[in-house]
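Here chain A shows up in two complexes: once beside chain B, once beside chain C.
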Partner chain A sequence: MSDALSDGGSDHDDSQEDVMTPVELIAKLEEAWLNEKFSPDLLENKSEIVECVMEQLTHMEANLQRVSKGDTKASVHRMEIDRIRFVLSSYLRSRLQKIEKFFPHVLEKEKSRADGDPSYLSPEEYAFAREYLANTETYLKAVALRHMPPNLQSVNMMKAVPEPCLDSFVFLRVKERQDNIMVEPETDDQREYVVDLEEGSQHLMRYRTIAPLVSTGAVQLI
Partner chain B sequence: MFCEKSIELIRELQRMRDGQLPAFNEDAVRQVLEEMKALYEQNQGDVNEAKTEGKSELIPSIKLRHCCLLRNQRCVAAYLYDRLLRIRALRWEYGSVLPPNIRFHMCAEELQWFNQYKKSLANFMRSVGGEEGLDITQDMKPPKSLYIEVRCLKDHGEFEIDDGTIILLKKNSQHFLPRWKCEQLIRQGVLEHVLS
Partner chain C sequence: MDPSEVEFLAEKEVVKIIPNFSLDKIYLIGGDLGPFNPGLPVDVPVWLALNLKQRQKCRILPPEWMDVDKLEDVREMERKEESFTPPPSPYYMELTKLLLNHASDNIPKADEIRTLVKDIWDTRIAKLRLSADSFISQQEAHAKLDNLTLMEINTTRSFLLDSLNCMFKLRSNMQPGSGTGKALDY
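On to the complex of A and B.
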């Protein structure tokens, strides 16, 4: 895989702030993909990764065109392209699914975010979420709400659409050692306690407890 | 009994398996809306009477009617929203053109919603990193092998694969094709994946 990726890929890395080899890039994509797949909430967008991977794919496709037909190497590369494209599509799909599922909350979170904080949605996702909200509101209004009594002609979307469940449990692997993680009590007769997360260890915890660690990349959801 | 029709709407969807879209129950929706109108008018009358003549014994029935109104509103919204989610799933399953028997089950506004959803999704996919964009409705399953054996279930006509070769998809013919090209045709029921 590495030679198809590095062909022509290297001239693009120069323009980037942090130089990343294609192998590292794909590892980053897979990390983002797994995190997004297993977290109940929408994570920060990683549009730089998506863009870089798209570029890589285009390059690899172009390189493949030059390879003569029937070359065994070509089919190996083709397979690799397919795999990367699957991961990328699956990543974008799971984000889009969460956006559709929690659209009012996602938009609200985006609105209330302070200037300078990283945005959760990429510009494309933001546009999509806004259209989805408008479309759904228009639809409900047209079919039913406008026929209802005047005091019932609106639905509070924030209340009507369920929120992401941050208390659900997730499996995680620790990538950087963490000390003193506060764990909320599960039952009344339990007290809150702290745990240390050793590097390389695996845990099953509530998402809420470790959400900040996911976004810093200290833990990986599995 | 109040709210009977709206519960019926909810039950109707619950009885359906996931991914199935029953015909839009326009009749029941209309009846619920009519019931709401009647309830509202009765309430208006009673509220006026309670205010002007100080009849406080009317308040419980006003409250009851109001609860029914809220419940009806909630049920109708849930019915409509659940249908939208089913329609959304259809876009991912069948692609942007729905089979006529499914379109037949949708009301005009639902078709409008579907078209708008289609547009939003297409815009999104086109703008994903780079000029060409990425069709994320493809590659639904992790790739296992590059080429797969498929059997044609109906005549589909000519079909071009990446390297420019054109093959004729005739009913009952079998082909060895790149997987990424035929995924959607499999979902549409034109091709069948032959597992040996």
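On to the complex of A and C.
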């Protein structure tokens, strides 16, 4: 019985990509979770991480099936699974919330991306966004638009739904030192200036200035 | 972010416990734990320590910084300095709360520690309010926030960020042309 549990962590390493241990995988998931939570815009999807974590969880749960209920070890494993599952679903949920909020813009961005570029949405999220758009349009038509005069019967979703506000302020922690980050002035009589972001330091600034650093992983939103 | 989520992150911190049971190494997804031997201190994450404590399977050793003398020094420093001093632990508030609520019998002078930590917190939050105020009145675009803990940032987050966004919208509407086309989220 204890063999079944001990296997859980170790024999799994082989099926992972060689570069990431489960420990790093969980750390990556937590990073992605916090970044997604605090960024005003939808970030690139991390379906690779999500899939790997799901695989780990399913594997561990399958192992736990074989263990009796009262086992101390098993209960510790279950608690850990619950914690990881919470982070995972909170991550996916905050992505869905953003898709619901900005769906026309998200779809537009997805349409206009170049062929080789990585997709912003996972296939499931893409289907969700498409369906959400179609349903909203049908709903608006059924409830209001069809009663309008013919020239007012269409609505431009791109204009009707707000865009993500990239000028929002965010809190961030620096993971890799960055020099000469331009800070735009708030008022006309101030001049723009540059700051150096030192490793480990924490800052409050506009998302727009540091958005590229979030996707490269050089800074962590907090 | 909900305060309970900050607490969730704090629960990942490692704390020493003295178990009263024996158990082999546990291979968790997030790292190995143990082995557990009665009477021998072992490092575990706080979430497990609290669970074992609730089941009366261990004694929690307070973290090094959770000590009346050390915290008194921190409090003096914090009151003397104008800027933020390094916090005793990046999750000092959450850990104090969690450990004192669930394991106060394992922590010597729990009440004094509670008061000290609250004093430190109050001083820091007062500083935070003051600096947020000057940040807004000087219309700064960048601030350095070293030594602030996540919980402290979180208490001011929604209020500060919403006001900044609101002010930004008002300002960009005042300058015709610059604000058009930016969809505003009312």
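In this text, the second predicted complex is superposed on the first by the 204 of 222 C-alpha atoms of A that agree within 3 Å, B and C clash if a C-alpha of one lies under 4 Å from a C-alpha of the other, contacts with A are read in each partner's own complex, and residues count from 1 in each chain.
Going forward, contacts are C-beta pairs under 8 Å (C-beta built on N, C-alpha and C of every residue); 3 or more make two chains touch, one makes a residue touch a chain.
Source: prediction; values computed, not measured.
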{"item": "Partner chain(s) touched by A:M205 [first = chain B, second = chain C, both, neither]", "value": "second"}
{"item": "Touching partner for A:L92 - first (chain B), second (chain C), both, neither", "value": "first"}
{"item": "Chain B versus chain C as contact partner of A:S47, first or second or both or neither", "value": "first"}
{"item": "Which superposed partner A:F128 touches (first chain B, second chain C, both, neither)", "value": "first"}
{"item": "Chain B versus chain C as contact partner of A:K37, first or second or both or neither", "value": "second"}
{"item": "Which of chain B and chain C A:R83 touches, first, second, both or neither", "value": "both"}
{"item": "Partner chain(s) touched by A:V195 [first = chain B, second = chain C, both, neither]", "value": "second"}
{"item": "Contacts of A:A62 with chain B and chain C, given as first, second, both or neither", "value": "neither"}
{"item": "Contact residues common to both interfaces of chain A (with chain B and with chain C)", "value": "79, 83, 86, 90"}
{"item": "Contact set on chain C toward chain A in their complex", "value": "1, 5, 8-9, 21, 23-33, 47-48, 51, 135, 139-148, 150, 153, 157, 160-161, 164-165, 168, 171, 182-186"}
{"item": "Contact set on chain A toward chain B in their complex", "value": "47, 50-55, 58, 69, 75, 78-79, 82-83, 85-86, 88-90, 92-93, 96, 100, 123-125, 127-128, 131-132, 135-136, 138-140, 142-145, 147-149, 152, 155, 160"}
{"item": "Residue ranges of chain B in contact with chain A within the complex", "value": "29, 33, 36-37, 40, 69-70, 73, 76-77, 80-81, 84, 88, 107, 109-110, 112-113, 116-117, 119-121, 123-124, 127-130, 132, 134-136, 138-139, 141-143, 145-146, 163, 179-180"}
{"item": "Residue ranges of chain A touching chain C (in the complex, touch as defined)", "value": "2, 5-6, 8-10, 22-23, 25-26, 30, 37-38, 56-57, 60, 72-73, 76-77, 79-81, 83-84, 86, 90, 159, 161-163, 165, 167-171, 183-187, 190, 195, 201-206, 222"}
